Amino acid sequence: MRIHRLLVSAFAVALAGVTLTPIVGVTRGETPEGCLLPNRAMTMYVEELPRVDGKPRLGYGLTPDSASYPGPTIEMLEGECLAITVVNDVSAETLLELRNDPVVGGGDADDPLGVSLHTHGVKYLPSSDGTFENDSIVPVGGSRTYVWYAQPRVRLPNGLIGPGTAGYWWYHDHVVGTAHGTGGTASGLFGALIVRRPEDPKPDKTFVVGFGPDATINLRKYPATDCDPEQPIPSNSCYVATEGELVEFAVMGFGNDFHTFHLHGHNWANNRTGLLRTTLDPVDVVDNRTLGPADSFGFSIVAGASVGPGDWMLHCHVQLHSDSGMTTFLHVLDEDGDPLAPMPVPLHDH
Amino acid sequence: MRIHRLLVSAFAVALAGVTLTPIVGVTRGETPEGCLLPNRAMTMYVEELPRVDGKPRLGYGLTPDSASYPGPTIEMLEGECLAITVVNDVSAETLLELRNDPVVGGGDADDPLGVSLHTHGVKYLPSSDGTFENDSIVPVGGSRTYVWYAQPRVRLPNGLIGPGTAGYWWYHDHVVGTAHGTGGTASGLFGALIVRRPEDPKPDKTFVVGFGPDATINLRKYPATDCDPEQPIPSNSCYVATEGELVEFAVMGFGNDFHTFHLHGHNWANNRTGLLRTTLDPVDVVDNRTLGPADSFGFSIVAGASVGPGDWMLHCHVQLHSDSGMTTFLHVLDEDGDPLAPMPVPLHDH
Amino acid sequence: MRIHRLLVSAFAVALAGVTLTPIVGVTRGETPEGCLLPNRAMTMYVEELPRVDGKPRLGYGLTPDSASYPGPTIEMLEGECLAITVVNDVSAETLLELRNDPVVGGGDADDPLGVSLHTHGVKYLPSSDGTFENDSIVPVGGSRTYVWYAQPRVRLPNGLIGPGTAGYWWYHDHVVGTAHGTGGTASGLFGALIVRRPEDPKPDKTFVVGFGPDATINLRKYPATDCDPEQPIPSNSCYVATEGELVEFAVMGFGNDFHTFHLHGHNWANNRTGLLRTTLDPVDVVDNRTLGPADSFGFSIVAGASVGPGDWMLHCHVQLHSDSGMTTFLHVLDEDGDPLAPMPVPLHDH
């Protein structure tokens, strides 16, 4: 049975209004089936950032100056096709240092030095795989265009439906340090990819939480992740929202360890969005979830719903991890934008 | 966008008949939004129990004499609001010993000594968080009232539905040993919280299974968990049911290790209750499930359905764990309440 | 409440046409309730295979000569009842060697030597449990008949529905090395059991992926798992499909370690089959999934859908595991059966 030729993009019409402007450097035949040509383009710069504890740190950025870890959150709508030109500004010396690092290195000396962009969840040709095996890396000083297609759900001839690509995914390097990008991800080359359907909730804020090597959250540990409860300043690892905002979390794991993501005072449905569409949905509801390397999930919550403003802990629930600093906060400000009001005291009666 | 003020408790009417009797010590404004005042109250005593291998053991109990690990199973219906007054009968000496324990301790010497009650899944104000950060612990010799609200599903203005709080949760200490309760949970301060919806199955029996540190089930190992197959006596780690009973399991993990919960001869749907409401439900069916620290889930099964009475193993499927004693049984008695009848022999033909 | 006697096999009629031929050696009363007599029978031989690194390797086979690891994939339809006669051709010396192996052994010297067949997901009497505890092993030189019943979904009196047994399961030894089969599974005694419903997709190919001890895929490591990209030859760890084929993966974990299963270029719904039946299904879509010991899942994908032919990596995403060889490929041939055509080059613009 050959199904491929009969695939029907029954849902592609949902993307009415997308302008199919040709992207420089990508021609027909170089895109996944269903994407005639990319309708969007961006450039991602891979940069060296200040070292931490003497170890290299790298980041993806939409500009060289804004490179960071995690990298920029990329949002797509199912049906869209995105061309990303990656520019490699990392020196051969640094890449060699990571390849020779006894902890995150060990790659084959015969492989070329470079960085790459490998993504989860969406469709891409082998030439956009971001691996040595598919000869799709970005050499030192070079650039390369990757094409991602957020394929919608497709009807198969047997009446079943391919699941599409909407979800909370992540992208990362696959060639720095080792052929699996162990040194690249550990140095900061990771970020969130969120693919939506038109009917999905539109969040007020999006927070990216990467549970990484050495019990870190986005490669930081408490107190480095901390933000002053009296005057919290939002950062890549300091999550600040106002009561009543719809905030979404995009969570991913990487490295070698397994973690459990836990958030105090809030919970979510264990499905694609964290919210329900019918009251009969039998899905389980969770506030703690196992997160293995490269697992990713996301959910939307109303910040402080029922529980109000406050400093809500967000931590790995592996005790050794949380005890060693794998913890931060979701600071929910009151509706005037102020931090937690003084707590009522009378619950003490001793 | 501010959603919070528009939340409508569309399902709160499901709780008709709940008497909203004021609870001593809790006044309006000290409860999560949606709970005007708690409709139920209980007292939980935190007690020292006989040491095991020289290490302290603690337990929650509805009376001082009935404290145990796991603690009492707390059941709520969505819509209910529960006030729990926790009395701390644990000595400062024992709490200090746990803080200084090299395995489960290491907390900050500046933090006060005490115990707490932190819960998963339901709603609570910061003052009921049970953490140092939210100044919500119970000092030595003191007491404190925690308020939990089993928020029902709520409609959001965008047509989506907040998932409510029904589920198999757990509660635990968050301040003994370390700021994450590593010493408290490892000593026995944990128990099950089950939040139901009106339409949920009503089990004949509920079994709590905590997969804890050192490859223990509710802090016990085989053969300590064992019960005589000839005359099994139900206990906190000896699960005995009669063929045909609807039994539910409330399962939780804690400590540092990941486990897989496996039950012989029975399986369940991987959703909120383990059972289906329609024959079209596409959910996966499992008899083995990964359980990370603070993960919790539950399910209902008909004991012995199709497979009959017998000694059905319940164990962690991590081989090192099961081989070192992380195993017990679900003993299913026949309908007369007797253990497994002699097995038919003729299946051997050697 | 006793539900058992009221169970109604409302869905058993779905199995119209199954001939209930009596199986030699199995009589009424020796089968799970709902299975009057097995309607199918097979013989499984347990054989010694060539050693690897000096360690014993064992396999299940439908004939002595075809024994392999993983063993033969067993497919059942819900409603079927299968009798499997297991013949133990493994020597006492080898079984004793595995029991004394410091890594995978340590079983009780008082237990008899033998092998067994324990399965997940389907129904079986204690006499088909495959454990010492239920006296259901196959002694050296002996044979034993196990009966498995793929119970359909059943309506319970309370309106709920038992979940049936359709799923991607696995079978394995439970008595070699230790009372939990640590030595048996580590030596090769495992295989896939797939239970279908009539409406499930019919795959063109089925691939079994066992993530086992020592970061192996079906007990092999790259490059042993590898197959020549220029001329890939399908094997137990070299997955080769043609573009457009509907291929299913049956994935299982065993041993002590946790893994994450990742496949490049493809994804699937996180439900029982990997495909959807309605476009409104809120299930999450994944391409990476945590896999603990004895966890199993499966899914169907259209090989190369949208992404075309190519060498698609399939690996554990725990970096230490993939870096040490826990990786292979799904080779998707083009519609003429040829390997990946040369890749388009112009995406490079450096």
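Labels for the chains are A, B and C, by order of writing; each one numbers its residues from 1.
In the analysis below, a contact is a pair of C-beta atoms (placed from the backbone, for glycine too) under 8 Å apart; a residue touches a chain by one contact, two chains touch by 3 or more.
Since the model is a prediction, treat every value here as computed from it, not as a measurement.
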item	value
Angle (degrees, nearest 5) of the CA superposition of chain A onto chain C	120
Interface residue identity across copies chain B, chain C - same or different by half	different
Whole-Å separation of chain centres (CA-atom averages), chain B against chain C	32
Residues of chain B engaged with two or more neighbouring chains	258, 269, 273, 276-277, 281, 283, 290
Residues of chain C that touch chain A when the two form their complex	201-202, 204, 229, 242-246, 258-260, 262, 264-265, 267-269, 273-290, 300, 302-308, 310-313, 315, 317-323, 327, 329, 335, 340, 343-344, 346-350
Chain C residues within the chain B interface of the complex	1-5, 7, 11, 25-27, 29-30, 32-34, 85, 104, 106, 118, 120-121, 123-129, 131, 133-136, 138-139, 141-147, 149, 151, 153-154, 156, 158-167, 169, 178-182, 185-186, 254-256, 258, 269-273, 276-277, 281, 283, 290-297
